[in-house]
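What follows are several structures.
What follows is a pair of complexes built around subunit A, which joins subunit B in one and subunit C in the other.
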Partner chain A sequence: MATATRRIVIQPVTRVEGHGKVTILLDEDNQVTQSRFHIVEFRGFERFIQGRPYWEVPVLVQRLCGICPVSHHLAAAKAMDIIVGADQLTPTAEKMRRLMHYGQTLQSHALHFFHLCSPDLLFGFDAPVAKRNIIGVIAEYPDLAVQGVMLRKYGQEVIKATAGKKIHGTGAIPGGINKNLSIAERDTLLKDIGQMMEWSRGALKVAKDYTVEHLDAVADFGSFPSNHLSLVRADGALDLYHGDLHAVDAEGNVILDHVDYTDYLDYITEEVRPWSYMKFPFIKSLGPEKGWYRVGPLARLNTCDFIDTPEAQAAFEEFRAVTGGKTNNITMAYHWARMIELLHSTEKIQELLDDPDLQGTDLVVTGERRDEAVGLLEAPRGTLFHHYKVNDRDEVVMANLIVSTTSNNEPMNQAVAKVARDHIAGKAEITEGLLNHVEVAIRAYDPCLSCATHALGRMPLEIQLLDANGNLIDRKLKQ
Partner chain B sequence: MSDNGKPKVATTAMCSCFGCHMSLLDIDDRILQLVELIEFHKSPINDIKEFTEHCAIGLIEGSVANDDNLHVLRDFRRNCDILVALGGCACTGDIPAMRNGIPLRECLEEAYIHGPTCYNPDGIIPNDPEIPLMLDRVYPVDEVVKIDYFLPGCPPPADTIWAALVALLEGKPLDLPYELIKYD
Partner chain C sequence: MTPEAPGVLILGYGNPGRLDDGLGPALAEAIQARSLPGVTVEADYQLTVEDAAELARCGTVIFADADAAGPEPFSMTRLEPSSRPLSFSTHSVEPADVLTLAVELFGAEPEAWVLGIRGYEFDAFGERLSERARTNLDAAVQYLVAAMSAGKFQEVRPTGGINRPDPTGEEDPWQTDSA
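What follows is the complex of A and B.
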């Protein structure tokens, strides 16, 4: 145990999704001897879905997360497509799923930026607690707040039109989808798309202007060099629904070059550490010390070569120019990258709504039944891995899930350590505003801690509670 | 009541997916009306981490799966006049309670030792004092404290949450029409 005379705890970490806790230990000179971001909740999906029929899985596992249920719904559906032998979905099915996914990326990115993070950017990291939340934004920037609320609403409406329900829908099924988009649904969505494009541009401008205007301050805030990983389309385009695994290092050198994601076990593994229920993934060939990587909007813009929608591509070029075309390792640049993806999602929704394939009636295909499948996609927070085995009685017998936030576990710990060293160390008095600096760095990753708590575990039979100096102060026994 | 005379509402998410809080936000622009009616106290959507004032209503999402959840739930009961169990996990345990029939040792080894991507040469099981103690099983909230109202659903629709909140704030009976209590 690290030596310390003071222990700082931030619990719960707020304005993030789910349950997290930060501990920072300081020595007598107020220098940081240890900092940790702990994930403190768990549920147990990998084990308790065993024995359930495979067709239940897309609706069951989306209960991992109420912010990004569509990610889990679709990753599981992609895996179950393979189980039922559907190698190529019908155009209607694939496009309906993509529309659902872009709707979700729009709502999730809008929620994170406006409802959770904008108070830090608009009011400052040290602003009073009473003001530093979405209600404060409504009071002071009502137009901006309403735009954020309505952008999220639009994304939720897209999900409802494709999945049947805003949260925990049922649209994707093994081999396809269970509904197409009616003309009435299409026209309702088309009516507002122009307004959404306008507001998406506005959201991007807020994030970009903030980053560029504060570049000197934010460039180093919670930042560090790292690898970056995501799915990328075969031609190098950003693609949130499907692609190959691609990873680059902090300088932009390629580590994984468009490898087939169904072989993910050859490339990715997860380290277990005693102080968090969330595991620590890394690229096998580089080992646990050097192989960890970031995922999510920043990583995606570092791994892709271009974006296939015009306005997001223009924004992408500006974004890449800031780091001279090299890998961007700035933690706070996640916000800008996220809003480029928000605009991209709105552009994609517009493109898809004009596609008559969405009114097609050929919804499901099946083929030769298989017993093992891997499904990946780019969730709003990063690469999401689902892997299942199914027996001949149609029961799931193995499930392995690496959720996006898990891959950002080591990066968030690095960000906490950096902020603790730069802003907490050496200070005799730690104010609430300083502690919020730590949370600001965590929030940049948009962690989804509910997703991250799918692994089921339990404490061992005896728990010892130690103080900061390692002295035993309490002990709990569990029968 | 707070300084401005508005009743205070606190919210929490325990063992759950946060979807009920998302459904609360699905009231969309009605949030502008809501902040005229109430003031949010301790909640994951702001940075108020501890109760400092008594609240009129506490919205509880999620079931009770560890000792930290227990502490939070009892804290909410002490500090709120009315507690509402929001959603399936709080009302019945729902999906998290699917683990209740499985031996914990089996689950533990599945998650940290047998998983196909586990790298765990020392066979470590997370055991730091900084992380909470898991309970033997997952409990619905009314097995731990008295609950005044239950809103089932996974999640309860935004219109249901809205109608219930407005009725409670106006002191009217919670008489929800069939459409608002029919789920999926």
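What follows is the complex of A and C.
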């Protein structure tokens, strides 16, 4: 074929161990026969922390990811609570941790929406890439761009007030926390909370209006039926910090019904596939073919029954109404769900700042020492699993982590496959439309390749097109 | 630091858990320990968009990072805003991106510099600097303290190092070079 001689030269990328790569295999008629989203994984962190004392782990795991260190910090701390026998934290400790976590969710969701995905929504998937970026947003929607930065900054200030420093943050310790929230810190945060609520409502409106107005176009975009999994509070409420494992299928039928997450190995396992370093988790009872599931904002709104803050609950009801109360399998609905969670996080921060328990002085509890523990929470991108074993010398001897992006591995592959089938259209080249659509589909999941690869750095995306014989016929990379 | 008294902001970034990638935070720690007047120091795993808001409140900003391929012991390069879009899906941004956001969103006009400290070991987990990286760090700290004392910064570009892409990267985000 004529394009078989075309060669794309890729500039080397330095200091990046992890990156995403899409390969699309065509048959002799240039129809898609296979597509895969690979992540080059650098695993070694679990070994790195072996031999370290367990009380260092909540600090050390923050090194996993510069994007969501708080999620790893808190998941590890929850596991270490069990190690030290702290079955019930003090109200001050639990609420400080929750405040930290909502700050993390707020800043993470704000950054993703305003600076990474809003260009797709504001300008359309087919807009030139030169315009479809944050610089374009600044030019046409400067207020929105500023709000994104300031929401993110506020979330970081919440983290700083609860966790201490940005690096080596030590807010959560085994059995509790090491500081409460001072009156001065509380008042500083309260001063701006009204503004943050207003901007959160505005962001939700952008996401909702876009989805509803373009429902015909987005309903099928990179979409597919799937299972959904998350933690859910015992009464069915959305809870980002703690709950039971709960999973539903594409129709809303319950697969896992509020099971204890410390028994996760009874329900979840990971498949290794020869073409990818990243594992593929699935629900054991359904097997690898049918048991894979989505995590993150869309999954959480599919698994929970309600949200315990009034404005997010009202938004949740509108969200569920779009699919008649049934499971929402629309990939692009992740953005709307994410902004409902953004508003929920802001409401939760406001609620917590008004709670005098944050000024309590009973910070730590301990109990009977244990040698194995599991800690889970709902990180911004989805369910995060931390599992440790500790010997009688207090050294970590085993660690196993399943990060959100790993759980979304198969769903992202499904999304890419759908987009490839819909947009290759018999062409043996990587068109701008294909590039844009693959990028948009993956971005809906807000993948954190740093987490998945356990490496810090930028996350370039590479797309390869292979002919029927496996020969490379086109290749592009976005830094 | 206040808008009435713009000073120097030092942003040291990198992962202290990845060996020499911790050079930026190590420099921040060393400068912080000196408690220099008019100098604000921040350390983080990576740069983020909200750093742009901080730039709006300073007269000079220095982005301090490990450099895997630059000259020894360090380089000091003047930075200009970039027109390059932020990258595909990362939540990490480059110094030029932060500067651009500061200029475009907040009307900031800081004098911006990139301090690249040469490191050598990045491909493992570990909380230590290599011996050579520590030597380079000491030289960078010595230079920076003297420059801040004099109130003047200038380009430092020792010979050596490996050619690498322009950090301000004005290239097409989708790199396609058909042959």
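Just so it is clear, the second predicted complex is superposed on the first by the 425 of 479 C-alpha atoms of A that agree within 3 Å, B and C clash if a C-alpha of one lies under 4 Å from a C-alpha of the other, contacts with A are read in each partner's own complex, and residues count from 1 in each chain.
Quick note on the criterion: a contact is a pair of C-beta atoms (placed from the backbone, for glycine too) under 8 Å apart; a residue touches a chain by one contact, two chains touch by 3 or more.
Quantities reported herein were computed from a predicted structural model and do not represent experimental measurements.
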>> Once chain A of both complexes is superposed, is A:T323 in touch with subunit B (first), subunit C (second), both, or neither?
In response: neither
>> Which partner chains sit in contact with A:Q31 here, subunit B, subunit C, both or neither? Use first/second/both/neither.
In response: neither
>> According to the stated criteria, A:G148 is in contact with first (subunit B), second (subunit C), both, or neither; which is it?
In response: second
> Which partner does A:Q350 reach: the first (subunit B), the second (subunit C), both, or neither?
Replying inline: neither
> Given the touch rule stated above, what does A:I442 touch, subunit B (first), subunit C (second), both, or neither?
Replying inline: second
> In the superposed arrangement, does A:I268 touch subunit B (first), subunit C (second), both or neither?
Replying inline: first
> Looking at the overlay, what does A:I402 touch: subunit B (first), subunit C (second), both, or neither?
Replying inline: first
>> Quick check for you: in the superposed arrangement, does A:Q313 touch first (subunit B), second (subunit C), both or neither?
In response: neither
> Does the superposition put A:H112 against subunit B (first), subunit C (second), both, or neither?
Replying inline: second
>> Going by the contact definition given at the top, which residues of subunit A touch subunit B in one complex and subunit C in the other?
In response: 11, 14-15, 17, 44, 47-48, 60, 63, 65-67, 69, 111, 115-116, 129, 132-135, 138, 142, 146, 149-150, 152-153, 156, 165-168, 439, 450, 455-460, 476, 478
>> With touch defined as at the start, can you tell me which subunit B residues reach subunit A in the complex?
In response: 13-23, 25-26, 28-29, 31-32, 35, 40, 43-49, 65-66, 68, 95-96, 98-99, 102, 104, 106-108, 110-112, 115-120, 124-134, 154-155, 158, 184
> Which residues of subunit C touch subunit A in their complex?
Replying inline: 14-18, 21, 25, 42-46, 48-50, 52-53, 68-69, 83, 85-92, 100-101, 104-106, 122-127, 164-165, 169, 171, 173-179
>> For a test of understanding, state which residues of subunit A touch subunit B in their complex under the given definition.
In response: 11-12, 14-19, 21, 23, 36, 38-44, 46-49, 60, 63-67, 69, 111, 115-116, 129, 132-135, 138, 142, 146, 149-150, 152-153, 156, 165-168, 264-265, 268-277, 279, 281-282, 288, 387, 398, 400, 402, 436, 439, 450, 455-460, 463-466, 476, 478
> subunit C touches which residues of subunit A in the complex?
Replying inline: 6-11, 14-15, 17, 20, 44-45, 47-48, 60, 62-63, 65-67, 69, 107-108, 111-112, 115-116, 129-130, 132-136, 138, 142, 145-146, 148-150, 152-153, 156, 165-168, 435, 439, 442-443, 446-450, 455-461, 476-479
